[in-house]
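Once you scroll down, you'll see the structures, which are given as structure tokens.
Each of the next two complexes has chain A plus one more chain, namely chain B in the first and chain C in the second.
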Partner chain A sequence: MVMKKRIKVLVTKVGLDGHDRGAKVVSSLLKEAGMEVIYLGMFQRPESIVKAAIDEDVDVIGLSYLSGEHLIFTPKIVDEMKKNNFDDVLLIAGGTFPAEDIPTMEEMGIDKVFRAGSLTKSIVDYIKDHVEE
Partner chain B sequence: MKKKLNTSEMVNRLLAGDRRSAARLITLVENEMDDHHEVMSLVYPHTGQAMILGITGAGGTGKSTLTDHLIGKFREQGKKVGVVVVDPSSPFSGGAFLGDRIRLQSHSQDDGVYIRSLASRGYLGGLSRATYDVIRIMEAMGNEVVIVETLGAGQDEVDVIHIAHTCLVVVTPGMGDDIQAMKAGIMEIADIIVLNKADLDGADRSLRHLQGALTVGSFEEGEWMPRVVPTVSAANKPEDLQGIDELTVTIAEHQAYLRKTRAIERVRYNRVEQELGLIFKDELQKIIFKGLKGTGKKREYIESIIEQRKDPYSVVEEVLNTYLLPGE
Partner chain C sequence: MGETNEKAVQNTQEGNWDDYIKAYYEKPASFKSWSGYDLAEIYTPEHRPDENYKQNIADAGTYPYTRGIHSNMFRGRLWTKREVVGIGSPADTHERLKYLSQHGGSGLNTIADVTYEMGLDADHPWAVDEVGLTGVNITSIKDMETLTKDIPLDKVSWSLITASTASSVTMAQYVAVAQDAGYDIGILRGSIQNDPIHFRYCGFRPACPLDLSIKLGSDVMEYCTKNLPKWYYTTVNMYDLREQGVTAPQEVAFGFGIAMCYIDELIRRGLDIDEFAPRFTFYVSCHMDIFEEVAKIRAARRMWARLMKEKYGAKDPRSMQFRFAVHTAGCSLVPQQPFNNMIRIAYEALAAVLGGVQSLHCCSYDEPMCLPTEKAHLQALRTQQILAYETGVTNVADPLGGSYYVESLTDKIEEETLKVMKEVEDVGGMEEAIRTEWLDRQFESEAVKRQKELDKGEKLVVGVNVFTTEQEKTTPLGVQKVSSNSAKQQVAEVKELKRTRDINRLNDAVKRLRDDANDSKNVIPAMIEATRASGTTGELLGTVREVFGYPYDPMETIESPFNF
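So, the complex of A and B:
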């Protein structure tokens, strides 16, 4: 029985942002695409996200943003990943924020940003292409 | 792509308690990668000392919130805790939504707690195939307690009995009368039955039914009688929680019973026997399919069964004689 390694994705929200519908929708879509999603839920701190990601040995961390904190929390999470020498995983973000913030977020260390309205397939394909290389 | 590390070096770091190495080794074992057997050979001498606590019960009964409280109790005792939580894989996509961690957040900053979510990946029995090895890895990591939480179990997912020293079955009020409690299967494997959400209507009735069902069983003198512990594991105010201390004490009493009566030796024996059986099954299947590979025989056998020229039992006998016992 040869088993193919399954892609593991941690999906979470950081800070005081109580809107988790989008994160749940994306988690379900990734599950339907054959991935194992660890759903960490809302109100996380950068430290708890990175610790869970290390323990679960995930391939991808997915951050969901809505309340306008994306430029505040992104560098904190990237720093925490670097501090723990855990920066060889894919970091993606999605949600609702101004399009002009995307280059800034990418400069801060997000590998790929998907705004609300992105096609499911584009998220799934991006993860598959970049994890299984 | 993640950097590859040398296996024995990773095991050495695991033995020193390094969580990153533990995480990587679990991935390697869970995906049955090339070094799987070598890893387990290196890990095995460092296992066997942890207390293994199994928690099972239907989905939504509160297994994870109870687990969260129990982690806290073991941490108060100064013990390092490993936690394995299993959730089901999709039979359609093979993917999974692993949501237990969301209830296990009280200890998210505690380095003495290592939690790992596993998807069942089609394995029946309430666990995943890798669970056996993952527990061993957590033991080798230095955890003195390993909590194994099964996926939401129904009546017959009882594999946790094969690995846990103490087995908790979590139920809630309104899940049926004493007839349900008397049925074979999951209710029989409980060392402790936790009646969670005991603040709900009907809890008294459920408690009577559960206790009633237990007393009609047969127990030898000196044997452990399963106990029912009512709890409230989720509340807005901490003072509204109930039964967590009683549950902790009851677990300790069961542990003491196991040691005193040496029943622990039987539990250990059964665990290894079960493990060995599983590995035999896996490895034999691998050998046989490997033997058939490229010969075109597999398709031939399957078609012969579909067309009713042969039956599965005679095919298995024929294959075993050819590939497993050649020359006899």
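So, the complex of A and C:
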């Protein structure tokens, strides 16, 4: 019998933002939902995120933004993914954003934005529906 | 059929009448407090068989201060309406301070951004993208001059929210600017957060190694004890701990644990408890369960009084008085249906005031979306003003005191807090709990519990897991943007300062700072001089960090510019 491959998710923060409660909680709950989670932690740069994502060959990259840095770092991360031909993975973001920024983030290349107050099921379902197993 | 009738039919078809009828008979789903304690249907004298009013409750202004630290509470003075401000450059932040002062704010309150808290200059490679996004970066004495320009420092009360080890530099920058403007620093009123230990848990661990946190935090306290007698030199931040997802008793227990780390160090330095304890203050959260929050505050006051008197032998009543500011719970706010946040904030502020708060920051409704817009900031201030001037809550001290329920819940929170304090003791005390990451594990498991409560609907949040609607497309009062020009200009100014300052004077001042740190002297006086010599935040902290064996740069990206 062929074992079904577990979905592999990289959860990370970028820059100096220290609000890591959400990223850690989401990591724990995605694990409970059967996914393999690599929590890269705080103080990452676009380069270190994409390198880890390639090294670990993840299906999903989850970015946590709570300090208003999302419009600054998202294009840098997306560029880095493209530069490394690693832009076919699912890119999602969670945190605190004004509603107005969500279309902008999607244009920049985020597949789905989860705002604070999102329930775990919505994140799990989205990932499962969008990662080809 | 006219258009109106068509609409009416459509509404009837779409109306959810089954749920509507069910809602008429609805009962609450849970009878637990926010922190999870089972509550009785009604509290009666039978719940209070051993009531000893004088010993456990007592009048406000009387030990153990359960009912408040002043006998007349708000009749003597209203709480300070102190909205947190920090956006863009020092000049942008100054503008917002002025705006709030024009609308009835009564205490200045400025917050450091992530770059400043991390101890990075605005021109640091990690900082340039993020300067001013979450607060204000003060790199040099010039920035502090801009922030404080034209403000009468001898008359205002200023709360400086720098919590990390950078608070030592903030204190030096503020003192230097005040002295240079001709003020006697002995009369400065205000506070500095200066609680680097707790800040490890807010993502600033590289800037807050435990030994350096205790060293620099205590240096600020010791310096102020001797030089700024009216200054509150630590605000032990229980609020941030609560924001990690812990319960009300854990908030108090962990906060007290951290406070005791500083107290033990100051005593070790030879200070008497009554010399410094009156200047200790706390930053407390007010979450959504009104009665539990009031009970928490009352319990904290009673416990602090006893801790100071019984454990530390304090004799001055002021040492036993638990003074606190409240920050309404940012983590209780959600971006879904954002106007609802105003209502949440108002209830939380009510709890703070019923609990006898000294100083209050109401979140703005847009907290889970962006920095406060001017309108949102004003609305937060108005929330305080409606409470202060329209509701009558200021008339009577401790209005909930004597309620069978609130007194029972106060006892319950005290009992549970003592249990948590015992757990901390059992793992070897707070410093050990931090070193072994026991505390990290508590935060992580509690945070997961809180999310599961939401996922399972055990806790209801309107717009999140009940009465949900489609995502809003806009933010009702607009979005606060941080001007990227402000940040660029500040970075350029810092570079210019570094290019044009008197290097010899700077080197001498930094040498003295390094020597004082090496000789285990209090480093604040040397920091003040180094600040005057245009030494920057990163340079001052980096120099002390190296003495303690840590990399000059917490991000380990740049090297010390000093080689002597």
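Here are some notes:
One rule holds for everything that comes next: the second predicted complex is superposed on the first by the 130 of 133 C-alpha atoms of A that agree within 3 Å, B and C clash if a C-alpha of one lies under 4 Å from a C-alpha of the other, contacts with A are read in each partner's own complex, and residues count from 1 in each chain.
Convention: contacts are C-beta pairs under 8 Å (C-beta built on N, C-alpha and C of every residue); 3 or more make two chains touch, one makes a residue touch a chain.
Please read these numbers as outputs of a predicted model, since none were measured by experiment.
Once chain A of one complex is fitted onto chain A of the other, the partner contacts of A:S48 are limited to chain B, with no touch recorded for chain C. In the superposed pair of complexes, A:S28 makes contact with chain B and with chain C alike. Look at A:D57: by the touch rule set out above, it reaches chain B but stays clear of chain C. Residue contacts after overlaying the shared chain place A:L16 against chain C, while chain B stays out of touching range.
In the overlay built on the shared chain, the residue A:I38 is in contact with chain B alone; chain C does not reach it. Residues common to the contacts of chain A with chain B and with chain C across the two structures: 28. Of all residues in chain A, only 15-21, 24-25, 28-29, 42-43, 67-69, 72-73, 96-102, 115-117, 119-121 touch chain C in the complex they form.
Taken together, the chain C residues at the contact with chain A in this complex read 114-115, 118, 120, 126-127, 129-130, 133-134, 202-204, 206, 243-245, 331, 334-336, 366-371, 443-444, 447-448, 450-452, 454-455, 461, 463-465, 471-475, 479, 482, 555. Looking at the complex, you find that chain B touches chain A at residues 1-3, 19-20, 22-24, 26-27, 31-33, 89-90, 92-99, 101-102, 105, 108-109, 114-117, 119, 121, 282, 285-286, 289.
Those residues of chain A whose C-beta lies close enough to touch chain B in the complex are 1-6, 8, 27-28, 30-41, 47-48, 51-52, 54-57, 59, 85-86, 88-89, 133.
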